[in-house]
Each structure stands twice: as structure tokens, then as C-alpha cells.
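Note that the chains are named A, B, C and D in the order they appear, and that numbering of residues resets to 1 at the start of each chain.
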Amino acid sequence: MSSPISYKKKVEFSETDMAGIAHFTNFFRWMEAAEAELFESLGAPLIESSNGTTSGWPRVRVSAEFHAPVHFRDEIEVELTVKQVKIRAVEYAFRIFRLGGHEPLHVATASMTTVFARRNAETGAIESAEISPALTEALERLAK
Amino acid sequence: MSSPISYKKKVEFSETDMAGIAHFTNFFRWMEAAEAELFESLGAPLIESSNGTTSGWPRVRVSAEFHAPVHFRDEIEVELTVKQVKIRAVEYAFRIFRLGGHEPLHVATASMTTVFARRNAETGAIESAEISPALTEALERLAK
Amino acid sequence: MSSPISYKKKVEFSETDMAGIAHFTNFFRWMEAAEAELFESLGAPLIESSNGTTSGWPRVRVSAEFHAPVHFRDEIEVELTVKQVKIRAVEYAFRIFRLGGHEPLHVATASMTTVFARRNAETGAIESAEISPALTEALERLAK
Amino acid sequence: MSSPISYKKKVEFSETDMAGIAHFTNFFRWMEAAEAELFESLGAPLIESSNGTTSGWPRVRVSAEFHAPVHFRDEIEVELTVKQVKIRAVEYAFRIFRLGGHEPLHVATASMTTVFARRNAETGAIESAEISPALTEALERLAK
């Protein structure tokens, strides 16, 4: 089994809410940052425009369970695992940890399914498309 | 069966991303705005501080499926339904629609489970707490 | 003198920070929403793509003074005034008020200078462009 | 003259807008992250609660000039300089650079004035307060 992608960051003031903790929507933004690291490590673009067509990865399904809050200046780590690679979609699993204690504290568990899609700039129509063989192979290697 | 809570808004420029559509994290922010309307309609506070204790509603589980994108200046409607009221938690269901066409287009389906909790300002400890009988009754009336 | 554009909204939970007030960056997002109302009232697009060129309004200068905080569920009003119309740029002035008291409370004063620009989708090059005579005239009518 | 505080980060997808560039409000969030690094380096808290009083640093004035856009996955650097230390306020100057080219590209210039303030949790009243002698001295050393 290959090692998962890891992304670390500190929780910023603008990510907190009046309850004194990081607003839960930021967890999804941090997961996206881990996905960006994954694509960068594969040399694959997450979004690309050419000849009036934009290719990208709109999300079709996301879910998260929150086990514990994180606070301003906490360092967190997002661990991304490629769960499943389909013809036109990829499913990721995430575990988020709060670092800085004796051991990492597991604060959230999440998943995201994202589809490869092309948008025609003139008509605006969006259609799913097949993931290239090279990217499929690279992602499947990580899924094993 | 009681009618669901409705919240409408226009998609703003700052809510779009480079793919030309609203970033999916905003759907969760719009659901929260519908929840705020619900609590306002019930005369109940979503967050409250007194004697060094803050009471609020941290999220324990969220999920969403995205059926179609929404764009800058689209008017959207969030329909909130109270799905289940437990001793210490409430589960909401959401349907999000894009307005402005012949008929509302159903663009997303989501759910959110949120727990009633108290935080001690000095120690920072967060503990779930029982929802008051009055609020439980009001929410259950909506759940029927 | 023509009446300014007005935009009203309620402060949402996700717009607050751990200091218990709306994070200041949201004031700029609310100003943009007022600008969007202005353009909609003029029937002019804020952003437009055709033949591989995207036209829009990048910001070149913004400033704000904050006189008082706003809180979750406060209703606020943004008052937009067209200050100056140049060949390729427009300067707006803003006053933000907190409603709900005996009188509106003036909570912030701001300005924003935005330039009309075109971006070539293939090369990515961005160049300022002349504002159309029709839009210039419409904006100047509001500036008087 | 002491060296300025530096904060680096990559531009994330969720920070872009439909014009294909980072939304300008994010520049202010990045400046705050640099300020957080500054306070961490001084061992001083940016926000603190005790005995029902919260001390923090609300902003009273911000401004920015944008010279060039930044894009998804650009690495940027925020350079923070302490411009002036007053009895109850601090003024910072910022320069933001886009890295990755032959030389850093200066993409924005900004300033922020922030006041030291205390908020009473029960009454909600906010009052400016004198910055401690130790912090004043530490900040003034950086301002030289």
C-alpha cells in the first residue's frame, strides 16, 4: 500500500468563527489543498484551458464527520488517500489530524468524489469526460 | 406536514472560483443561513454567552451531493427540513434550487447533524448538552 | 445628485471570527455585492467571455476605515456612490451602516478603484481597456 | 534596520474567482497570517480571554494597491514591516510578492492599522487599551 499524500497548515484567524473554533467549511478547503499537492506530485493539472474548453474536476459528493474542533494557530495535517478510480471520477478519503500534542489527534474523517469534466466556454455546457490512461494509472497506483 | 424553511440569495462574485461556478463550500454556508432563519423564526439563539459559558451548535456530520453548478448572480433557494430531533442533536435535510428558469432546478441535496454543546470559557472544554424542552418541542413540530 | 445604490444583508455565522465580530474582509465582499447590484441595474455585465477573451473589472486600489464592529444577524446596508469615471477606471465610495437601532449606525467608510480589463484566454495577458461610451455615460449620470 | 517578517504560501483553488485570479480579499487574509507569525515570534497572543474579558486587535484602517494578479498554485510571499507603534495602535506596511520567476514580482502594497482593545463578555462593550510596555518595546525594535 502506498503512502498517502500529506498536507500541513496552521489554522488562521480568518478561518475561525464566533464559537472560537475553525469554521467547518475550511476543512473542505484544506482537503482541496491536499488534492492540489497530489496533482502537483503527479505533474497533472487540476484545471486547464485550451481552445475554448476548460477541463476540471467539479465535486459530485462530499461528506465529513467532525470528531474534535481545531483552533487558531493549531497546526493540522490532512492525509489524503485515493479510494477508488473510475472511468470519469475519483473518490478520495481524508483524515484530518491536529498536531502539536503528544500524538496527532484525529479531528475529522471525510470523503470527496470528484468527476473529470469539460466545459465549453461559448455554450457553458459541462460534460463529464474519461480520465486519461496515464492519470488513471498514476491514481490507481496510489489507490493500491 | 409543516412547510420547510426557505432562504434565498444571489450568488456573489466572491463565491465563484476559477472554474466559473460557485465553490462548493458556499453551499454549506448557505445552509447555515437557512438554519439561522429557522432559529430566528423560533426566537431561539444559535449561540449565546452567559456566566463564562458559551452555548452553540457545532456540526458533527455534513454531506452533500451536487447535481448541477450555480453561477454568479444566479438566485438560489435553500429549503431546510428538520429531519430528526434527538436529546442532544438535530439532523437537517436540505435541497438547494436554482431559480430564474421556467421551474426551479434542483442543484444539490444535503444533510447536516449538529449537536447542542456548551463551552467553558476558562477551561475551553466542550460538552454536549440536552436541548431545552421548549426548543425540542418547537423543532419536533417542524419535523412532522 | 442621484441617489446611491443600496445593498442590504444580514451578517452570517460564517462571516464572524473568534473575536465575535464580522471579519473585516467581508466588508469588501459586501461592497462587491453592491457593485453587482449597480451593474445589474444598468444592464451591464461585470464579467463577460466571448471569442476567447474575458472582460472584467480587476481592483487596483481599495481602502477602508472601520468605525464600529458588526455582529452575527446584524442587518447591514452598503451605500455605493460613483465617485469618478475615468477612461479605463471607476472609483466608488462606500458607507456601511448597521441597521436595527433607532438610527442607522455608520460602521465603515471605504473606497474602491477598479479598472476595465480584457484577458486573452490563450496567453493569459491582461490589458486595461476603454470603458464603452454607453456605460461611461450611465456611470457619470450616477456620479453627478 | 531589522529584517521584516516573511510569510509564504501557495494560492489555493478556493481563493480564486471566476476571473481566474486570486480574489483580492485573500490578500488581507495573507497579511493577517504574516501578523500571526510576527506575534508568534514575539511570544505575544493576538487574542486572549480571561476573567470574562477578551483582548484582541480589531482593525481600524486597511488599504491596498494591486499591481499584478496572482493565480492558483502561485507561491506568494508577504513581507510585513512594523511602520509605527502608538500607545494603543500599531501600523503595519506590507509588500506581497509572487515567487517562482527569475525574480520575485511585487504584486501588491498595503497597510493596516490595528488597535489593541478589550471586550467585556457580558456587556459586549469594546474599549481600546494601552499596549503593554514589553510588547511596545518589542514592536518598536522591529520598527527601527
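One rule holds for everything that comes next: a contact is a pair of C-beta atoms (placed from the backbone, for glycine too) under 8 Å apart; a residue touches a chain by one contact, two chains touch by 3 or more.
As the structure is a prediction and not an experimental result, all values here were calculated from the model.
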Touching both subunit A and subunit B we find C, D
Using each chain's Cα centroid, which is most distant from the centroid of subunit B? D
Take the average of all CA coordinates in subunit A, do the same for subunit D, and state the distance between these two points in whole angstrom. 28
Return the distance between the CA-based centres of subunit B and subunit D, expressed in whole Å. 32
Whole-Å distance, subunit C centre to subunit D centre, using C-alpha means? 23
In subunit C, residues with contacts to at least two other chains: 13-14, 18-21, 25, 29, 47, 72
List of subunit C residues in touch with subunit D within their complex: 18-21, 24-25, 28-29, 47, 54, 56, 58-66, 69, 119, 126
Subunit B to subunit D touching residues, read off their complex: 13-14, 16-21, 23, 25, 49-50, 52, 72, 121-122
Subunit C residues within the subunit B interface of the complex: 10, 12-14, 29, 32-33, 36, 40, 46-47, 72-73
